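See structure below.
Each chain gets a letter, A, B, C, D, E and F, in the order it is written, and its residues are counted from 1.
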Amino acid sequence: MNHADIAWVLVSTALVLLMTPALGFFYGGMVRSKNALNTLMMSFVSLGVVGVVWALGGYSLAFAGGHALVGDLSFVLLRGVGLEAQGTVPHLLFMAFQGTFAIITAALISGAVVERMRFSAYLAFITIWMLAVYAPVAHWVWGGGFLAADGALDFAGGTVVHVNAAAAAVVAARVVGPRKDYGRHAILPHNVPFTLLGAGLLWFGWFGFNAGSALAANELAVLAFVNTWLAPAAALVMWTLIDLVRGGRVTAIGGATAIVVGLVAITPAAGFVGPLSALAIGALAVGPCYAALILRARTTLDDSLDVAAAHGLGGATGAVLTGVFADAAWSGGTNGLLFGNPSQVMVQMYGVIIVLAYSAICTFVILRLIGLVVPLRAGGRQEGVGLDVTEHGEEAYTGGDGAILVSPDVAARAAAAVRVPLHEGGRL
Amino acid sequence: MNHADIAWVLVSTALVLLMTPALGFFYGGMVRSKNALNTLMMSFVSLGVVGVVWALGGYSLAFAGGHALVGDLSFVLLRGVGLEAQGTVPHLLFMAFQGTFAIITAALISGAVVERMRFSAYLAFITIWMLAVYAPVAHWVWGGGFLAADGALDFAGGTVVHVNAAAAAVVAARVVGPRKDYGRHAILPHNVPFTLLGAGLLWFGWFGFNAGSALAANELAVLAFVNTWLAPAAALVMWTLIDLVRGGRVTAIGGATAIVVGLVAITPAAGFVGPLSALAIGALAVGPCYAALILRARTTLDDSLDVAAAHGLGGATGAVLTGVFADAAWSGGTNGLLFGNPSQVMVQMYGVIIVLAYSAICTFVILRLIGLVVPLRAGGRQEGVGLDVTEHGEEAYTGGDGAILVSPDVAARAAAAVRVPLHEGGRL
Amino acid sequence: MNHADIAWVLVSTALVLLMTPALGFFYGGMVRSKNALNTLMMSFVSLGVVGVVWALGGYSLAFAGGHALVGDLSFVLLRGVGLEAQGTVPHLLFMAFQGTFAIITAALISGAVVERMRFSAYLAFITIWMLAVYAPVAHWVWGGGFLAADGALDFAGGTVVHVNAAAAAVVAARVVGPRKDYGRHAILPHNVPFTLLGAGLLWFGWFGFNAGSALAANELAVLAFVNTWLAPAAALVMWTLIDLVRGGRVTAIGGATAIVVGLVAITPAAGFVGPLSALAIGALAVGPCYAALILRARTTLDDSLDVAAAHGLGGATGAVLTGVFADAAWSGGTNGLLFGNPSQVMVQMYGVIIVLAYSAICTFVILRLIGLVVPLRAGGRQEGVGLDVTEHGEEAYTGGDGAILVSPDVAARAAAAVRVPLHEGGRL
Amino acid sequence: MKLIIAVIRPEQLSDVLEALFRAEVRGLTISRVQGHGGEMEHVENYRGTTVKMALSEKVRLEIAVSEPFVRPAIDAIIEAARTGEVGDGKIMVLPIESIYRIRTGESDRDAVTPVPS
Amino acid sequence: MKLIIAVIRPEQLSDVLEALFRAEVRGLTISRVQGHGGEMEHVENYRGTTVKMALSEKVRLEIAVSEPFVRPAIDAIIEAARTGEVGDGKIMVLPIESIYRIRTGESDRDAVTPVPS
Amino acid sequence: MKLIIAVIRPEQLSDVLEALFRAEVRGLTISRVQGHGGEMEHVENYRGTTVKMALSEKVRLEIAVSEPFVRPAIDAIIEAARTGEVGDGKIMVLPIESIYRIRTGESDRDAVTPVPS
């Protein structure tokens, strides 16, 4: 056991935990103000639901036992997960560190269904998805499953986290359907500074995500850390240049997106490539993501906050480029295409495709099953009024105008009345 | 001296310091926009006032000497507080770490008096309260005082910080009196995203609060850390379920509150209980706090941001549950009720009651004394206009409409004129 | 190589990186909402541009070789910057840690030119300034250059970062010219809570800035850390007292400024002085900065967010006070005036003046050169409409009213049309 | 048909709404405005800048009523909005030529008469 | 000259603007308001506080037009703003005594006639 | 009694207020609005979405004045708000039937005459 490694993994776990509120702000700034709380809560609630599900069973399915496809139940209810060392840090800490990854992966998906999905359906979805999709996929790559055995490189979760979430996002956007205004009216971000705040905090937290994945405060962590600094910087520069060339105007939403794209792209590669390669990966990932963002908006796919374009394509590009730039001289491990091992690119693609397919299919099935029990989306009127009021009974920003205090006894009756659809017939 | 432990305590101190701005946003989002700066400043100013008071004398009263009731003056002006080791970290660092706890404890109280207390009275209050209440209480539990001797368990300050602040808050709310609109008009949060931002940053910082209290990057820190992750997660899930059952609507303010309640409840227990117990403590603390929030609003007690319901009841519940769930198998220390030591519950209750009573009585006396010198609350007109303008001479959000630049020489005269009560007679 | 030191420097680097987004919010809250994104982006884009420039060449110019005036090119493209130890941490990590300093220094300058400078001119400026000004100055003090040889003390960059940036800021404000409304209309902060958020996060990050500059998790780091806690606390108290004495109203913008002033002032001194001296330095720095803020607003110098008053004067005062309070009993190094070495004050002043002069002159030349190629400032109409719309094609806060969705093919034509000056003739 | 425009203090809004509802006035539109009148100006400071705020926060109500409701509505507002201090606001009555309910296209009196539920 | 004041649902604004532009109505001023009419109130909860929200978000349009445009403008608004559910809003027509274009000082009809480009 | 409604550029507000105060016009109510007129539209981009912004920020003033002040007020506004470029705004004059001061209940001329201080 090494106190220095413990210190670093403690910090990293806190940093990754912070990424989920950060994601809430990154996403929340981009929706209309009438859905700001709904969007924020989709991230925040994952901190609770997925955290608990992970401790109770998800961790076991992902990391217990050595089967190829899924973990066993030996760590259920944290049995046997104690303070004894695993590597150089306590097992319990490893469990928590991995748990924070699970939380943000679920929250990422919400970007595809904001402003219309019912909150209760979303809660059911992330609970089941965690056990049925995330845990097995994490097992394949990190828990001793078949993708690890096949040699797929995924340092901190480009495939497990980003490709996985993005595949689910696309399917969820299709199954839930587009927002009723989508493509007809302009739907603009209500608070771009929040999106920048989210991007800034995401970057900060991502150092824990990538460099913490070394699970020690060693040279590998340093390499991953510096790459996590350089790739988004390169992505931001590249995005800025494209913006300048295209219209002369460097957008802030674009800047925030560039940071995330750079971070996503370096995630699978962080501990496998040198710093110059990190610059290259950050810059190269921008092209496809930038194009995808523009093209997606012309389709009928209302992947509202572009989970597929930013995380899916970013993650896939990063995974493939890991196969190109991996450099044993830095990592002491596998080489990639540029260093004489062209086959690694294929292995990387294979990993991406498997995860993509599994996640997409399962997501489809899970959503359809939930849809049998409870409607997946809010009604048209609810959508018009905004989900903050209809699903959460609150507004993000109130002036208090026209709010009439309800006395406690009246409140009880009123709470019942609330379920009557809004605007439906009858006078006061 | 151990560099790894130093690294972790450095990080923890920074994290706890961040909690006070975070609290400012948690609180600031819940008031009306005309009092947003006043509420934020009540937290921020504690970073200055309490920090300086702590270094000059508070630390000495809390941690110098071995008397049962209060420390001596041997560390006044930081005499003898240097870089030599105390445990495995320098004494100076220990002093700073404890100082950040003092800062947030004072800031917590402000939640009970926002939107009406005069800022200068508040400044006087936290200065005196720090020396007269916080320092002795910290001494009782952590500085070698009588509560430690009696065997009361308080890992990171459930009693010292939360029960202590909440008792002061209730008394302050009574002495200062309710806001003039309280109970008559609806007083709604002006920016719920700020409250969520605060909750997210509080959780992040709380890892330093609880796991930093191990004062080393060891297994104990890991245990406290993981418990600080699990308890709020369980609280959030429980709160969400209650919200769903009661009205079908999961509120964001509720979610933010649940996180804080879970954090408060695990604070005294963090290093004494196992992870499953942390889940239980988080979930169990929700019941009383949820009920208290609803009941409090029907009383005349304008504990405006519910310091008592969230921190007081959360802290007390956590303290008692520490006596229930404490497990020597995890901590190597004391067992609780469930592990064969039922008397610990009584010791815990005893600690809570002593602190509660002492804090309440002293707060009452301090406020009455200050009230003799300077009015405790702003006038009714000031309250109507909002304390941002009247107490701070600023507005949180300005469009600049109707703002007429005052030329420097005019400014001097204008500054004098300002003390004329607003709206009072006379035409322009 | 020491894992504990690595852990601490990893954390510190992440903390310093976070300071640039934090600065964006500190600045962004103080401008009008029509320029909020422009101001935020001036900070955020530095994360990309300066980060990349630093890795490609800036680091080499600052830290390669032992010349007195500037580094050589041996580290260009990170050649020879690997994972081997430099001190007790990998060289690559040292490079990244220093890079985050470069990023925020460039971003600091933006405070003098917000709301009017063209974004593309700003991009060109920070790129050139980084290589021509920051890198050499860093070399003088930290890279083995002549100021280090002369014995000038600058623990974490009071001169290199703050005086340097402030000198550039004053010149930039003059060359770019004042905002057209400056001195005629009131220009008020649109979101003071953002400014407080920025101040809170800056303080948090500054622990990495100062204590990280020890490059190890040792006693020196602890000293620097605690001083970084105490100095802003003292500054905040002092500022509050002055506000109370002057008008009875403690401003929030003032509080945020006080925190930054205290942080800036302790930066050069952090590892050289004892904690009581830190309190003194924090308190003493307030006087000149407070006065400068008030006087500056009466001049024609539109240093819009007071980079000179807060960072320049704060940094210079701190540098000189370092020469007064430096205490070998704490640092094991040089003594200052109070401890029998009066000449140190002169050395400190000398350092400040050299940097100030060099930075001012170079900034003037760079801006004039850029001005030959591209206009430095936006046109009067653009300034009226706000740079968010004209330079970035976005608004910070949109309600979506009157936004008409442009179909893809139309969009292309529209993008072209956009370059037609706004409001210029012709009917729809 | 008349259009009543009232400018009142924000803190009186709840009371005014209640008074109007009691006077059977059920349709109205409000907005946040800023007013200048006899109120004392106040001074704010932002770093070195001192500004005089010439405007105070107000709420503006716009109420279309048929003749018989004009007087009751005005009385209700004056009653509920008055604090007796400078800055209580003003009420104006303007003539309306015609009025339409968008939902049905009905015009004039019918447009402001609530449909029986 | 008449002043048309319309209160509509925010979500219909795009459609209404388009309809007005098609009706050759080119000048207008809008603001965000809150309205109370026959709409169902909704209840919100903030910790222990329960409130009834008596106001719904609306958009208010103010359009000065010369006589020949009154009818087309009203028809365009009713057409585009109607959803058929309670809360669609109202349109009022008020008399204008005179109107000025600030840029030129022109008054009355000239003030609202677009200059040919 | 007349109601003057003026829509002006936000950046001219300070000048207009000053001009009005100089013209002894002391009571007024303003609000932030958005206008559409002859101004050039501008285009914004949010990720893949391109939008045309048809509205520009304006400020709306509402000033109730007795007859003798109508002309001076209009002149003051036109003078201070004019930049000569498209988008300077409009001024409308509407008839007021009656006006009340809430504080005192006074009506008509008395309601807009400042009490001597």
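Methods note: contacts are C-beta pairs under 8 Å (C-beta built on N, C-alpha and C of every residue); 3 or more make two chains touch, one makes a residue touch a chain.
Because the structure is predicted, anything quoted here is derived from the model rather than measured.
Q: I need the common contact partners of chain A and chain E, sorted by label.
A: The shared contacts of chain A and chain E, listed by label, come to B, C, D, F.
Q: So using the touch definition from the top, which pair is joined by more C-beta contacts, A-D or C-F?
A: Result of the comparison of A-D and C-F: C-F.
Q: Any idea if chain D and chain F meet via the same residues, over half in common, or different ones?
A: Answer different: the two copies use largely distinct residue numbers here.
Q: From the mean C-alpha coordinate of chain C to that of chain E, what's the distance rounded to whole Å?
A: Comparing mean C-alpha positions, chain E is 48 Å from chain C.
Q: Based only on mean CA positions, could you tell me how far chain D sits from chain E in angstrom?
A: Centre separation, chain D to chain E: 18 Å.
Q: Touching two or more other chains, which residues of chain B qualify?
A: Correct list: 2-4, 7, 11, 184-189, 191, 197, 247, 249, 251, 253, 297-298, 393-395, 399, 401-405, 408, 415, 418, 425-428.
Q: Identify all positions of chain F at which a residue touches two or more other chains, and write them in rising order.
A: Expected reply: 14, 17, 26, 30-32, 34, 36, 38, 44-46, 49, 51, 54-55, 85-87, 94-95, 114-115, 117.
Q: Chain contact graph: line, ring, star, complete or other?
A: Shape = complete; every chain linked to every other.
Q: In the complex formed with chain D, which residues of chain E make contact?
A: 2, 5-8, 31-38, 54-55, 58, 60, 74, 77-78, 81-95
Q: Hey, which residues of chain B end up touching chain A in the complex?
A: 2-5, 7-8, 11, 15, 32-33, 183-193, 196-197, 199-201, 203-204, 207-208, 211, 216-219, 221-223, 225-226, 229-230, 232-237, 240, 244, 246-253, 255-256, 258-259, 275-276, 279, 297-298, 330
Q: Sort out for me which residues of chain D touch chain E in the complex.
A: Within the complex, chain D contacts chain E at residues 3, 17, 26-31, 62, 64, 94-103, 105, 111-112, 114-115.
Q: Inside the complex, what are the residues of chain B that reach chain E?
A: So the residues of chain B touching chain E come out as 30, 186-189, 247, 249, 251, 253-254, 257, 293-298, 306.
Q: Can you name the residues of chain F that touch chain A in the complex?
A: 44-49, 51
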